[in-house]
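Please find the structures below.
One chain, chain A, links the two complexes that follow: it is found with chain B in the first and with chain C in the second.
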Partner chain A sequence: MSDETVNIEINGEPLKARKGQMVIEVADDAGIRIPRFCYHKKLSVAANCRMCLVELEKAPKPMPACATPVGEGMKVYTQSPKALSAQKNTMEFLLINHPLDCPICDQGGECELQDLALGFGRGVSRYTEGKRVVSDPDLGPLISTDMTRCIHCTRCVRFTEEVAGYKELGATGRGEQMRIGTYIEQTVDHELSGNVIDLCPVGALNNKPFRFRGRAWEMTQHAQVSPHDPVGSNLWAHVLRGEFLRAVPRDNESINETWIADRDRYSNEGIYSEERVTTPLLRGKDGLQPVSWSEALEVAAKTLSDVIREHGADQLGALAAPGASVEEHFLFQALVRGLGSNNLDHRLGQVDFRSDGAEGHYPWFGITLEEIESLDGAMVIGSSLRKEAPMLAHRVRKAALNGTRVGLVNPAHYSYQFPTSGHLVRHGAELVTAAAEVVVALSEQLKASVPEEVQGLVKNVEPGAEARAIAEGLAAGESRWVMLGQLARSHPNWSELRALGLAAAGMANARFGVLSDGGNSAGAALAGVLPHRGPGAQAVKDAGLNAHEMFVSPRQAYLLLDCEPARDAWDSAAARDAMAGADKVIALASFMNEDLRQQADIVLPVGVYAESFGTRVNGEGRWQSSQGTVQPPGEARPAWKILRALGNVLELDGFEQMDPEEVLRDARAAIGEPGPGEENLDGVELAQPARPKGLWRLGEMPIYAVDALVRRSEPLQQTRDGRAAEARLAPADAEQLNVNDGDAVRVSLGNRGCRLLARIDTALPKGSVAVPVGLAETEGLGPRHGGVTVERI
Partner chain B sequence: MKFHATKEFLPEDMREMINERVSRYPEGWQRSAVIDALREAQHRNGGYLDERWMDAIADQLDLPPIDVYEVATFYSMFETRPVGRNSVSICTNISCMLRGSDEIVEHAEKKLGIKVGQTTSDGRVYLKCEEECLAACKGAPMMMVNHKYHENLTPEKVDEILDGLE
Partner chain C sequence: MRFLRSYAKSLLLWELLLGMRLTLRHFFSPKVTIRYPEEKTPKSPRYRGMLVLRRYPSGEERCIACKLCEAVCPALAITIDSEMREDGTRRTTRYDIDAFKCIYCGFCEEACPVDAIVASRFTEFHFEERGQQIMTKDVMLAMGDKLEPQIAADRAIENQYR
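And then the complex of A and B:
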């Protein structure tokens, strides 16, 4: 857009506008309200609803304000008799076929059509002919449809095409027969699809799980922050009679703009799952029995002291979910360290910890979300970006469409919906070589020498065309970025991938970042839920065991903070065995699962993200606090309260806080201002990865299996992404194994195995089989990445 | 998104024809070739389009299938359900109406035993509902049979034409 300024007048008010801006934008900025349906600031201009007709001086007919660019000296009248008459006539036409079913429509009370009909509609309709009726397509478990209400603004169609990146909805037929839909029976599957609900100005597309459960004017609205990925999308929680009924986006241009991912929108449905733990439970003769809080805390404290007296503090292992809040993480580590153990971690999905000492103070993107849009070149290593962090993927897509050259190095051909400079796809065991190829190509491109530390990894590596294209893209322009995703972080050769990423970033003078698990891994690291660092990234004297070591060298007792080791752990088999073999397992848990039922000695019910004050640090290093919006159900309590009470019963220091704000103050004081810290390669021993025999398990974490809450959201589980319990095979491997699409196969790792349906997927390189983690079907199966056998049954 | 068919479904010569059409437009405007591709597909598929053909065309043109569905359902010349082998459209727009097209329609309906919009049970004739003037007013009343115009119609002439259809 041009920077040239023009002078215009709206309703006699002189205004300055940028040349090329549309009248409606200038009016919006000036606070002059023009009615509209199809116009949306984040979408292309369609000008098909005609509601924003305004009068222009010297124009013979009213013009749509959304599609009329401003010009010098233009005089606009938005409420002149001519403009009002045009707007009222448009409204009359729009209402011809719109049903008068507001009393049973969920949109009632927050409906743009209803609001504007009040201002521009006639009191009584002149229309006596028959109205149009449209059948409703089934768009899946998230979006309800009442297409008779549709006014054909096409906001939803433009959203799927322009923002989501794949046009799933369209307008079929013409004239009276035109309808919005998918034409064929087809669900809408994109991970941002729920945004069409907010975009729809009428009640045609609505929140399906929320249907008929509340009215806009009955609910109260509370600011929340999503805990499911490091973006930290801002939400409004809508609450009716103490129940968190739905989530909608809270505009924040620098984080989630005006959108949220479906995972953020529908995870609240998990809060009211039947698996919620609502009373403290203690193991008795007949399994877990409800007890009072005082008894539960008493026994938990005694159990912890007994274990430490008998076996030593080293025999206590403590694991926290990366989505828990800073306050919870801080008290959790204070409790465990107060008891004398450093066996503390939140990185359950990781296996390679060789780089621990050389990593920054906390995992972060290395860049702000807004800055991504102005990059020239970027490279992402090991990330199914769209599924790992949908809103981050959206930013990268925007950047790519805007000219940023984005290259990808991945263990499978993930779909991105944007043009890339190259997509280098290699077998999981060769991912390191793939990254090395880019490093070599980059050194040739930039005439820079490969850093000494990674010389061993690039020896005899000859870059292919794709690697060269990625290197060329990354070397383009001035501002550059290298990011490693969750698949890289969970890779057995994380250290090598990280080293190569750092080497590339160093050579290209690019920023370096990491996409970590959960909504607060940055906060967890800063709060000190790490075996080798306390709050504020202070090194501890005797480093404890990391998450993986705690499972492979089992401890006598475990303390869990809202994690499900058999689903979250990198080696889920070792985790399950360790829990089963432990003398005592004390779990602070929001949800029950079969493992807890079998293995836990004490279960202390905790609140989920919206149920207590909590602070989370997102991937930009941005601290965001939100209040408790609803009460935890039954006897469940916010985890910070339970941890504080446990600290008191154990007579430890530092547990005197009266409210969570005070915990946050203490945490901030202990953390200080360490900054992101330096990423380097000091003391990291790098090795050439070995390729195991047979197939390679690519352990993807499905988008709707990332944490305990999301796993309980029924609507999300019913989506296509939620039904991910499949073993996806490359066509060549399927042929060799004599497996057809849809056949049942047995996936075995050592003596563990599970039955899954096979899918033939051309996105996978030969020799790889994608067997997801985090699902009921694959829990306890074993290592997330590595050798696996598959056979037809 | 699961495709009902991929581009391999299309005959080789048809794919070449589509590529040739695409080459007539600037890069990135391959959707301009949708109409030509659909017309070809309709001819090769016995007069109508189904999801296999439409999805295959979408795949060939690297478009989401809904883009192709939108075009196919917008134009009345495309059929999206099975119809008879011979397509008969009798114009009923104003010039033809003034020259007696209503009687021609009535005659054809009676002769074929079907209403406008239907196909005879033997699948021989599809009496298409024409939506707009076919621009042959000078010869009204007129009808189009398989892309061929017949003008100055009389019931006898209609009989003759319809009887001559395979």
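And then the complex of A and C:
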């Protein structure tokens, strides 16, 4: 848009506007309200509702303010008799076919049509003919439809196409025959689908799990921050009489704009799951028995000190979920370190820890979300971005549509819904070679030499056309970015991938970033929930065992903070065996699961994200605090309180805080201002990856299995992504194994295995099988990536 | 002179006689009091007594859980929880009116789009235990069923002026 300004007048008020702006934008900026339905600041202009008609001087007819660009000396009247009459007549037409069912409509009370009908509608309808009735398409478990209410603003169609990038919704027919729906029978449950609920100005599209449960005016609204991915989307929690009924986006232009992902919107449904732990539990003769808090804390403290006295502090392993808050992470590490153990980690999904010492102080994007939009070139290695962090994917897509050349290096052909400079898809074991190809192509492109550290990895690597295209895209322009995703981080050759990513970033003078797990892995790293670093990234003297080592060399006792090792751990089978073999397992858990029921000795019920004050550090390094908005159910308590009480019973220092703000102050004081730190390759030994026998298991973390809360959200589990317990095979492999779509197969590794349904997926390269992690069905299989055998049963 | 007149008046109990005259007049005039509870005063069709919930003739409850009555209630006497019933309709799972809070203003009746909550002519209720003043949905529906003929007749008269 040009910077040239023009002078216009709205209702006699002189205003300055940029040339090319629409009248409605200028009016909105000046606080002059023009009624509208189809116009939305984040979507393209459709001008089909005609509600924003205004009078222009010298124009013979009223003009739509959303589609009329400003011109020098333009005089606009939004309240003149002509404009008002046009708006009122439009409203009358809109109400012809709109049913009078506001009392049973969930939108009632927050409905744009209702609001404007009050101002512009007639008291009594003059329309006496029959109203049209439209059948409701089933859009899946997330969005309810009442299409008779639709006023055909097409915001939902434009959103799905322009912002989400899918062509799932559309309008068919014209005039009164116009219908919004899916062209062919299918559900709408892509990862941003819920936003059409907020966009719909009437009650045609609504929140299905929330259906009929509350009214807009009776709920209280509380600011929250999403704990499910490192974006840290801002939410409003809508609470009715102490119950968290729904989540809606809280506008924050620099994080989530006006959208949120479905994972953030519907995860609150998990809070009231029947699997919630509501009382402290202690293992008695016949399994876990409810006990009082004082007894549970006494026993937990005694158990911990007994284990340490008998086996030494080294025999205690402590694991925290990466979605817990900074306060909880800080007290957790203080407790475990106070007991003398450094076996402390939050990176359950990682296996390769060779570059621990060379990594920055905390995992971050290396860039702010807003800056992504103005990049020239970017490369993403090992990430199914849309599923890992939907709002980050949205930013990257926005950038790509805006001209940023984004190249991707992945173990499967993930869909992105944007043009890429190249998508290099390689078998999981060859991902390092693929990244090396890009590095070689980049060095040729930029005539720069490959850094010495990674020379060994690029030897004899000949870049293909795709790698050259990616390198060319990355070399373009001024501002560049290289990011490694969660698949790269969980890869057995994370160090090599990281080294190549760093090499590429170094040569291209690009920023380097990492997409980590959970909503607060940056906070966890800063708070010191790491075996080798304490708060503020201070190196500790005797580094403890990392998450993977704690499972492969089992400990006598485990302390868990809201994590489910058999689902979260890189090697789920080893994690389960380690838990089963441990003498004592003390779990601070929000949800019960079968493993806890059998293995835990003490279960202390904790609150989830909306149930206590908590601070999370997102992937930009941004600290965001939110208050507890609902009470934890039953006897459950915020985790910081439990950790503090446990610290007191154990008579450790540093557990005197009276409220979570004080914990945060202490944490901040201990952390200091370490900054993101330097990413380098000092002391990292790199090796050529070996290709294992059999098919390569690509252990994707399904979007709706990332943490305990999301796993309990019933509506999310019913979506296409939630029903993901399938083994996806490349067509060539399926043919070789004589497996058809929908056949039952057994995926096995040694004597462990699981039974899954096979799905043939052209996105996978030959020799790969995608078997998701984080699900009950695949818990017994073991390593997230590596060789497995598949056979038809 | 003035003194003499007032002296005569007080000697002859003039003011007492004036009072007795009034008494005597009322002695023979028609009575306004009634013998409650054998006799009852007539009530207007607009009388606002105990709130009850109505049903359709089919037996289906009228209330659709729009919560407008809850929103309009100036005394915050109404509490509603709602959900989707198995047949997909919007229904209340809880509809409580605190009879101690209710001020019988009738706003809820006016707000109701389906004439579900109505003020009946019924006023003779008492509570024996703490907590009974919370009129639950079942109680109010049962009262509505009992009073339906009168309520329907009253609504029919009222509808002439709507």
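Quick note on the criterion: the second predicted complex is superposed on the first by the 792 of 793 C-alpha atoms of A that agree within 3 Å, B and C clash if a C-alpha of one lies under 4 Å from a C-alpha of the other, contacts with A are read in each partner's own complex, and residues count from 1 in each chain.
Basically, a contact is a pair of C-beta atoms (placed from the backbone, for glycine too) under 8 Å apart; a residue touches a chain by one contact, two chains touch by 3 or more.
Just so it is clear, the model here is predicted, and its values are computed rather than measured.
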item	value
Which of chain B and chain C A:254 touches, first, second, both or neither	neither
Touching partner for A:218 - first (chain B), second (chain C), both, neither	second
Which superposed partner A:183 touches (first chain B, second chain C, both, neither)	first
First (chain B), second (chain C), both or neither touched by A:171	first
Touched partner set for A:108, first chain B, second chain C, both or neither	second
Residue contacts with chain A in the superposition, chain B compared against chain C	B
On chain A, the residue positions that both chain B and chain C contact, one per complex	none
Of all residues in chain A, those that touch chain C in their complex	102-104, 108, 211-215, 217-218
Residue ranges of chain A in contact with chain B within the complex	161, 166-174, 177, 182-184, 186, 189
Touching residues on chain C, where the partner in the complex is chain A	64-68, 70-71, 82-84, 89-91, 113-114
Footprint of chain A on chain B - complex, ascending	1, 4, 51, 64-67, 69-70, 73-74
